[in-house]
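In this document, chain identifiers A, B and C correspond to the written order of the chains, with residue numbering beginning at 1 in each.
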Amino acid sequence: MSEISPLAFVGEGVEVGADVKIGPGAVLLGPCVVEDGAWIGPGAQIGAPPEMSSLPQNAAWAGDLQHAGVRIGAGAVIREGAVIHQGSYRETTVGARSWVLNRAYLAHDVLLGADATVSAGVSIGGHCVIGDRVNIGMNAVVHQRRIVAPGAMVGMGTPVTRDVPPFAKVYGTPPRLTGVNAVGVERAGHDPRLAEALLAHYSAGEFFIGNGWLPGDLGTLGDAVQWWRAQGELRPVSVA
Amino acid sequence: MSEISPLAFVGEGVEVGADVKIGPGAVLLGPCVVEDGAWIGPGAQIGAPPEMSSLPQNAAWAGDLQHAGVRIGAGAVIREGAVIHQGSYRETTVGARSWVLNRAYLAHDVLLGADATVSAGVSIGGHCVIGDRVNIGMNAVVHQRRIVAPGAMVGMGTPVTRDVPPFAKVYGTPPRLTGVNAVGVERAGHDPRLAEALLAHYSAGEFFIGNGWLPGDLGTLGDAVQWWRAQGELRPVSVA
Amino acid sequence: MSEISPLAFVGEGVEVGADVKIGPGAVLLGPCVVEDGAWIGPGAQIGAPPEMSSLPQNAAWAGDLQHAGVRIGAGAVIREGAVIHQGSYRETTVGARSWVLNRAYLAHDVLLGADATVSAGVSIGGHCVIGDRVNIGMNAVVHQRRIVAPGAMVGMGTPVTRDVPPFAKVYGTPPRLTGVNAVGVERAGHDPRLAEALLAHYSAGEFFIGNGWLPGDLGTLGDAVQWWRAQGELRPVSVA
């Protein structure tokens, strides 16, 4: 039997790569690209219009294609009931091998990096940029236009109203920086002792914003800090 | 092609107006009225039975209609995976032009006003009354029987356990009144200076409950205050 | 008309008992047992693979069955858009007459007792054990491997990061024990005065962990305490 269920709806303008699985009841609306090896669960909802009052709520299932598209990266997993919207000016993007878990939501123009996990029930607002290897806990929520830098962890149910720096752990209402994701530092191939150096900077209120200074003790974490700095004006979370 | 997808299920007892769009996989169960110009997204779930242990979990898809109905107002937008239940004694109602966004939920007998936004992932319990132009942030939750008055804003992830007065901004766990929705006051056509007058009352602990007194400095906001007062016994949120 | 909608997908390896209702768009993937009298709502998603990176994301809809199964107990209610995953080493289980409400989620290997309510929008992580008559409020979330003992109540939106003892009421971020579910004590057939005795123990920091001592004043609540104690190493929530 086909691994693309005949009970899925794959609309006009949807390009599906090799070795893709799509479950019954999934709906994919164009424009949309699904790269090789992606797994799309039953009832997943990909490519409906942006939730913006200024943009038309079109009927893409009837061939009325609009908006800037969606891209599901190679090997990504999109689980049951997850929702990913069309971009308004760029492709809403799920990076390679990332997981968008059941009933999670990426709004228009979100860029999600590679090897990231957006857990069950998470809602991410429009325009957000979420880095590689980020892990966002169940039922958490990210305000539109926020940045969550590579390697960061967001705790269950946390409403993220500020930007989250690299490898930070964030939790609570309002959200606070509660530590550094030391396991993530090591898994990403860095010297595990760098986690301590990074935490010392955060604890001292240093978030690497507004200038080009990069302390020597950050070692190979410098790339993630440069990524963070490149995202424009930032308002980081406070330290617990 | 039809803008009502042949892959939607529109059951017995569902009346659909003109210029309505319904996406693939949407399920509409009667009794239900969808007014002109509404947009029902893929996978939306409208008209299943109230979640009350005292009422039957009937199979409306097989023609076993029960309960008090659902009404989707003209021009309303119901997004992917949103859930709206049958009323138990009145029609569960979405007001004209309101948005019930992806994976949001209105329980039995909820009355949602016009031009309101119920954001992605929100859950609203049974019997709630939500006024015009209310905005409820992503993944927030409203306890059954609560009142959210016109123009109010509820922050992301906030569990609303008390009633929310007109144009109030509410945020946190437990929820607190953190300000007045000044933008909403202006957009609703009021003198923007009235926001300040309203905030002064809330800050002084005056929530316009229990008598007919209406201070003169509220001007055209008096209608919203009268609406609030008319909802019966009220237990407003505390001020931050 | 059939009370099992022809628009539901009931896959290979799914055994369906007598008097079961299944709505349009529901997806059931095997291995899975649905016991007599269960009600499966439109768009419910039952039996997709565990969300574990170490396990294959198989296409059960195409006959590729794997994993340890799902069991839906007699008379259980699974509402629209709810998600229940395959177990990895035991059947993910919903107890008799329990309600898994709309857009709620039980991860792999969760054991949910009888007569429990998992409210709308709740997410429960892998391996959790949830006792009989538990009530979890809307949009709450339970961390993987946590225990929620019989009769406990979890407040709306609460992120449960610790274990919850019998008949405890838990609320907030971080979650705190705020009282005892006296109504639940009485409904479960116990002397209502036992609620006070139990609260006195919790308030004194006594959570019945680590030894076999069972105070005499707990009366018929002793069974629930023994259940709790039998769950292995426990880290209970703190008292408010």
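To be clear about the criterion, a residue touches a chain if its C-beta (ideal position, glycine included) is under 8 Å from a C-beta of that chain, and two chains touch if they have at least 3 such contacts.
Because the structure is predicted, anything quoted here is derived from the model rather than measured.
Number of steps on the shortest path from chain A to chain C, with steps defined by chain touch: 1. On superposing C-alpha atoms, the copy chain B sits rotated by 120° relative to chain C, to the nearest 5. Two copies of one chain, chain A and chain B, touch each other, and the residues they use overlap weakly: the shared fraction of interface numbers falls below half. Separating the CA-averaged centres of chain A and chain B is a span of 29 Å. Chain contacts: chain C has residues 25, 43, 81, 103, 121, 139, 157-158, 173 touching two or more partner chains. Those residues of chain C lying in contact with chain B across their complex are 1-3, 5, 7, 21, 23-25, 39, 41-43, 77, 79-81, 99, 101-103, 119-121, 137-139, 155-158, 172-173.
Residues 9, 25, 27, 29, 43, 45, 48, 51, 53, 57, 59, 61-64, 81, 83, 85, 103, 105, 107, 121, 123, 125, 139-141, 143, 157-159, 161, 173-174 of chain C touch chain A in their complex.
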